[in-house]
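This structure is in structure tokens; I'll ask about it shortly.
Per-chain residue numbering starts at 1, and chain names A, B, C, D, E and F are given in the order in which the chains are listed.
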Amino acid sequence: MSTKRQLINEQGIRTDGRGVDDLRPIKITLGYLTHANGSVLYEQGKNKILAAVFGPSEVHPKHTELPDRAILRVRYRMAPFSTEERKSPAPTRREIELSMVIRNALESVVLTELFPRTVIDIFVEVLQADAGTRVAGVTAAALALADAGIPMRGITAGCAVGKADGKIVCDLNDIEDKEGEADMPVAYIPTLNKISLLQMDGLMTQEEFKQALSKAINSAMKVYQLQVNALKTKYIKREEVKK
Amino acid sequence: MSITREKPVVSKILQKEMLELLSNGVRIDKRKLDEYRKISYQTGIIEKADGSALLSLGETMVLVGVKVELGQPFGDTPDQGVLVVNAELLPLASQTFEPGPPDERAIALARYVDRSIRESNMVDLKSLVIVPGKVCYVVYVDVYVLDYGGNLIDASVLAAAKALENTKIRKYEVDENGKLTETENVENLKLNDFPISVTFGIINNKYFVDPNLEEEQTCDTFLTFTYTQTGNICAVMKNEQGLISPAQVIEMMELGWKKAKEISSLMLGGQKGNDQENIGNAGS
Amino acid sequence: MSTKRQLINEQGIRTDGRGVDDLRPIKITLGYLTHANGSVLYEQGKNKILAAVFGPSEVHPKHTELPDRAILRVRYRMAPFSTEERKSPAPTRREIELSMVIRNALESVVLTELFPRTVIDIFVEVLQADAGTRVAGVTAAALALADAGIPMRGITAGCAVGKADGKIVCDLNDIEDKEGEADMPVAYIPTLNKISLLQMDGLMTQEEFKQALSKAINSAMKVYQLQVNALKTKYIKREEVKK
Amino acid sequence: MSITREKPVVSKILQKEMLELLSNGVRIDKRKLDEYRKISYQTGIIEKADGSALLSLGETMVLVGVKVELGQPFGDTPDQGVLVVNAELLPLASQTFEPGPPDERAIALARYVDRSIRESNMVDLKSLVIVPGKVCYVVYVDVYVLDYGGNLIDASVLAAAKALENTKIRKYEVDENGKLTETENVENLKLNDFPISVTFGIINNKYFVDPNLEEEQTCDTFLTFTYTQTGNICAVMKNEQGLISPAQVIEMMELGWKKAKEISSLMLGGQKGNDQENIGNAGS
Amino acid sequence: MSITREKPVVSKILQKEMLELLSNGVRIDKRKLDEYRKISYQTGIIEKADGSALLSLGETMVLVGVKVELGQPFGDTPDQGVLVVNAELLPLASQTFEPGPPDERAIALARYVDRSIRESNMVDLKSLVIVPGKVCYVVYVDVYVLDYGGNLIDASVLAAAKALENTKIRKYEVDENGKLTETENVENLKLNDFPISVTFGIINNKYFVDPNLEEEQTCDTFLTFTYTQTGNICAVMKNEQGLISPAQVIEMMELGWKKAKEISSLMLGGQKGNDQENIGNAGS
Amino acid sequence: MSTKRQLINEQGIRTDGRGVDDLRPIKITLGYLTHANGSVLYEQGKNKILAAVFGPSEVHPKHTELPDRAILRVRYRMAPFSTEERKSPAPTRREIELSMVIRNALESVVLTELFPRTVIDIFVEVLQADAGTRVAGVTAAALALADAGIPMRGITAGCAVGKADGKIVCDLNDIEDKEGEADMPVAYIPTLNKISLLQMDGLMTQEEFKQALSKAINSAMKVYQLQVNALKTKYIKREEVKK
């Protein structure tokens, strides 16, 4: 990563007008799909992530089931039209890695032990990509799981932080991701004070890493508030319908 | 290998009810035999695509993104650009769609959308050549099925056509040595037509338009016609395993054109200078 | 499709000397192979289609069998040397589509309910391609099924019609297929008066479509007569051998 | 991964009978130990191929099509054309052949046919260069196994050789700037030899030529020699899992040459000016 | 699809013992919580590679081979060479590794090694351009896991770095027309740094460095830091499914740097003019 | 194969200093790996072949097991860095053929009938290739099987012979393999006086073939002696440890 243009001006304002700690606008549309058991369209900046959940369902082939808990199957994919250059529809190594990284982030929060011998399918489709899609994907998957009524130890909120023009900034946009000095996606469960996904690439001093982790957690808290509000609103609506 | 798939189980009671209603000219969702579900669409929602359209047809939802890149014309058509259509039946659209590379259903869908666009001459392929035999635009049409509620073909053809209508291409200047320079100018794709497809479901020799999911799981077979704006037929496909009588094929062809005109006025109605949501109902 | 040269002359004669309603010469060699349960070499013009049938056999893997009927497995392939330019041996999207289209055409005529929990394998190998291979494939598959003694509701006969120089012509040859205005493959079961395969691409008025469908059915009737003759001849020979 | 395959079941009674007959020097189909089944062939039957041969050896039938295209020489052999051999064990040839990409048996077959042609120097690869290092003919030999009645190797090598003999190539003119122009002239491929392969089946230390299907399913192992017209050996392969004594290898090599000469006179007999059916019998 | 894998069974007794020992600050193989197993390496053992290193870390053994070829820079970085990292979890390294193309674990490993090398700026990619935008060196780093005894990441990052340090590239001369001529000169790859990765295993909120196989099968999760020589962090990855508290992340980051300095002095100690075996122990 | 430079000089000395019947130096390191049931690093000239064995183990999927004996699964692979030009990691047709050829060579010597319904996995990894890797692979696999304690009818020893500058030479090196006139890999079980692998390509007279076969067997005998010595040494060491 090499800095090519100014990413933060003298007033501390970023290319898209945000301050260093500001998140991009987030929009959550729960129940976006009709046929999935749970679904959400999650928008953060220009990111458009569609996540959906099926299950718990019977496992095929049978021998992959586990006697004491549900297995998770996670697929993360980017649409061919989601990026500046068209992406080939064949899965890339990055998509295979991120499918695993997202599954790992969710395994410990889903109460899989309640559904032995079943599978829970989680699909994360990036319809438009604008940096931070893996953590946006975890955020969206957590919402889709909640929408599907799958019990979890807590709601996972993801946000990336990074380094641009030597400063730690929250929720990188596409330019900052490409031209900044470091990218650090984090997924966090506020009610447990635990991290379920942590990656970093780029260059940071140890001091910067500490600061980045702290800012990532603050950002995740903000995302979490929006998740909770969206779920509450839907729950209240349902309750009202029942009356 | 194409292998017989187990049909999804539809309850016998529902099936019986469906057939009884049909014999009275009514459908389980109260529609008439020649009535489409509500069609609505939004264009331009994927900013990073050169064109896009999200279209819903009842509970079916299809997103089409178009990307235009530079490439080389095919050897046998040096004076034409290239059109590539791909379709993905996303596993989140239905539990019956498996993750993995496009299966025969996705391939057949993509190839039918391709034929509808190509044979209607919708996209003016000759206008996509920059340097004959050397450089041309390659138009990638990616059909993304987000929600599967029956009648994917009509939803996909209409969404693809709408996305192409929404597509902008960046212009290039070519100097005398054949060197390309990107300009700031963008233009709409040059289009000659707007294909409309109409699909029929057939059960027990009864036919009706726009089958929904439950109807689709019960139908013996399907027949789709794609019409140009002047009422020519540019593509036809019988789908799935049942049989059809020749006389009914002709009846459906005629009824299809009636429906195509209705859909067409809906699809082309709000076009000019309006990339926003556009909701209509071709039914009744 | 754009017309580049004259395909039909003033006397209504096509490039290969046929009139608009004439079929190309057809040759049927039943029992062409030794090891398949049924087989045929079907030649129509320069088309050479080899079709063979195995089964009903046990299904592997077991879970793909159906409790109430046989499943069909159909493979349509073109030999690398069957076309003007060598075709790569890897299956194309066209071959995958046509395998399905042929299977769909056969599913309703094979009495699969007589053979629950079994599989019937149908292989269609295009050794030389000369337009109309998918319907020639259905015609050949129907003969191979009959040769294998698989009970059917009727014999399926296929033929393509199309539009060349503005006229509806029967049984397109390669040049007409490439340079004509429309191609319409049809498979028809005369004894049932039903269509089992119908596709069209190109441009036709509705009036032309009606005419084309009618000509397709007439052409299929001619193919059907040849199928019946071939099967009778073989049956009579067998009977004679028995005496 | 190469994985042990279950052998097809041959009835114990048949197997016992086969072994008893063998110990008396006779075979289940009445052939002598050194007797081939009937070989017949037709060439030029695939008009769209540049060369073709359909060959049957008893109940085995192999179709080989040759296509010649323009391509680029390999970096390490700029002065040679390119030869590519591919084999498909079509699933309609035997219920034991699975549909799908060529498995290890098909690959081993293709590679043995390739070695027989290449090492015998049959095709004059140097004559296939048009512009050294830049343009050459690429000769694709596609071996299509249509019916599997044992001894695929001999049938495939012979059919491939016969198809190459039948192959015509279109000539090109190269101007001083290296630009190619297609001419109306066609020529035969330039050939230096005609390889003949002879395969032995071995059971209980007994060997015999040209195993048929039932023998093949019973054999311990197989040994194939390919001979040039002058009696040199250009390829050898032991196939399947059994063991052979060194002394028997030498015996088979010598007997093989005797049989190769017989097959050779059959294969080359009716060649000149005759692309029609040509039936012969190398046995006895 | 990424699918939950069944964890290898570790006996309950062993697991219980492991946890009891850990709560006393000891490990089943007697190591301290911050103690690495023995690290030893040999470089240059694959003569046909342009660089190689065989590294063992306890019972884990990784061979890295580097090949340098000519290729083309990527469009968006015309002034940089290309680095490609691939990893194979050979099935002979562990019965839990399946033969076949790299699975998600192998891909994640390769991508982490790639990030450690790339983000540390170890390889000076700009020095690998020969003709900007046209010709550059492509450096292939193939990580071959030969024996799997836990902590593949650290072993792979260290072996890859050591192999790159061992790599020689052949120099080319470029004339004014941009034509390349190979020279007799070989040079070392130009390196800017030497990344060191440190992996922690975490069980029941206890963490320790360099998990061995049995520990790895019992751990809740893992955290890896890669450090540059000056103590910057250039890559981080949490692996597997468990959770970590933010405070512990920072503790591990700090302890990791302490260990990285020890490993670094071992890895760089015997470097100059010595391509022979080099055994050391970063533990204790 | 065409001779481009002198491979054998007037004194009968080859490019690497050997006489026509000499083998290259061989080094056998048994038990090279920790986790495999048996393993060996086998070096012959610049060849470095790592072979390892797992099993007999349970078979997955179940339906591939055999009721009367163990199945073998053999994989031969060349490392991307093992050859002059980097080899793509995807398996080549050559690797697929050689995996089968090596399995065929081992099937008849392993006493598979002692382990019905199990699988024995044999992995042959070519870390550096220097001609004759398939027979070095068989030699190494036999050692790994012995190291794993799998009972065999005899120890298989492999060696290639060939023709260079018109002479039959033993144990071809890389230059002789590429520029010589013929290559003939042979695997031989001395205690049974039987051949389990035999291939040849190139041009030989029948007389030369006889001579080559005889030299191959002599070479295999030399390899066999080294195999036996290595196994004995390890066995004695084990016995000593037991005392």
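To be clear about the criterion, a residue touches a chain if its C-beta (ideal position, glycine included) is under 8 Å from a C-beta of that chain, and two chains touch if they have at least 3 such contacts.
Small disclaimer: the values here were computed from a predicted structure and weren't measured.
Considering every other chain in turn, the ones in contact with both subunit B and subunit D prove to be C.
Shared contact partners of subunit B and subunit C do not exist in this assembly. For subunit F, the chain with the farthest CA centroid is B.
Chain centres here are C-alpha means, and the one lying farthest from subunit E is C.
Each chain gets a centre from the mean of its Cα atoms; for subunit C and subunit F, those two points are 51 Å apart. With each centre defined as the average position of its C-alpha atoms, the distance from subunit C to subunit E rounds to 58 Å. Here the CA centre of subunit E is 32 Å from the CA centre of subunit F. Residue numbers of subunit A whose C-beta contacts span two or more other chains: 73, 75.
In subunit B, 1, 99 are the positions where the chain touches two or more neighbouring chains simultaneously.
In terms of inter-chain touching, the protein chains here make up one closed cycle, each touching precisely two others.
The assembly's chains link up in one ring whose order, counted from subunit D toward subunit F, is D, F, E, A, B, C.
Against subunit C, the residues of subunit B that register as touching in their complex are 1-4, 6, 104-105, 107-108, 110-111, 115, 118-121, 220-221, 223, 228, 231-246, 249-250, 253-254, 257. Note for the complex: subunit E touches subunit F at residues 45-49, 52, 59, 61, 63, 65-67, 69, 86, 88, 90-95, 99, 101-102, 140, 142, 144, 146-149. Residues 1, 64, 66, 71-75, 93-94, 96-97, 99-105, 107-109, 112, 184, 188-189, 192-206, 209-210, 213-214, 217 of subunit F are the ones touching subunit D in the complex. Listing the residues of subunit A that touch subunit B in their complex gives 33-36, 39, 46, 48, 50-52, 54, 57, 73, 75, 79-86, 89-90, 121, 123, 125, 127-129.
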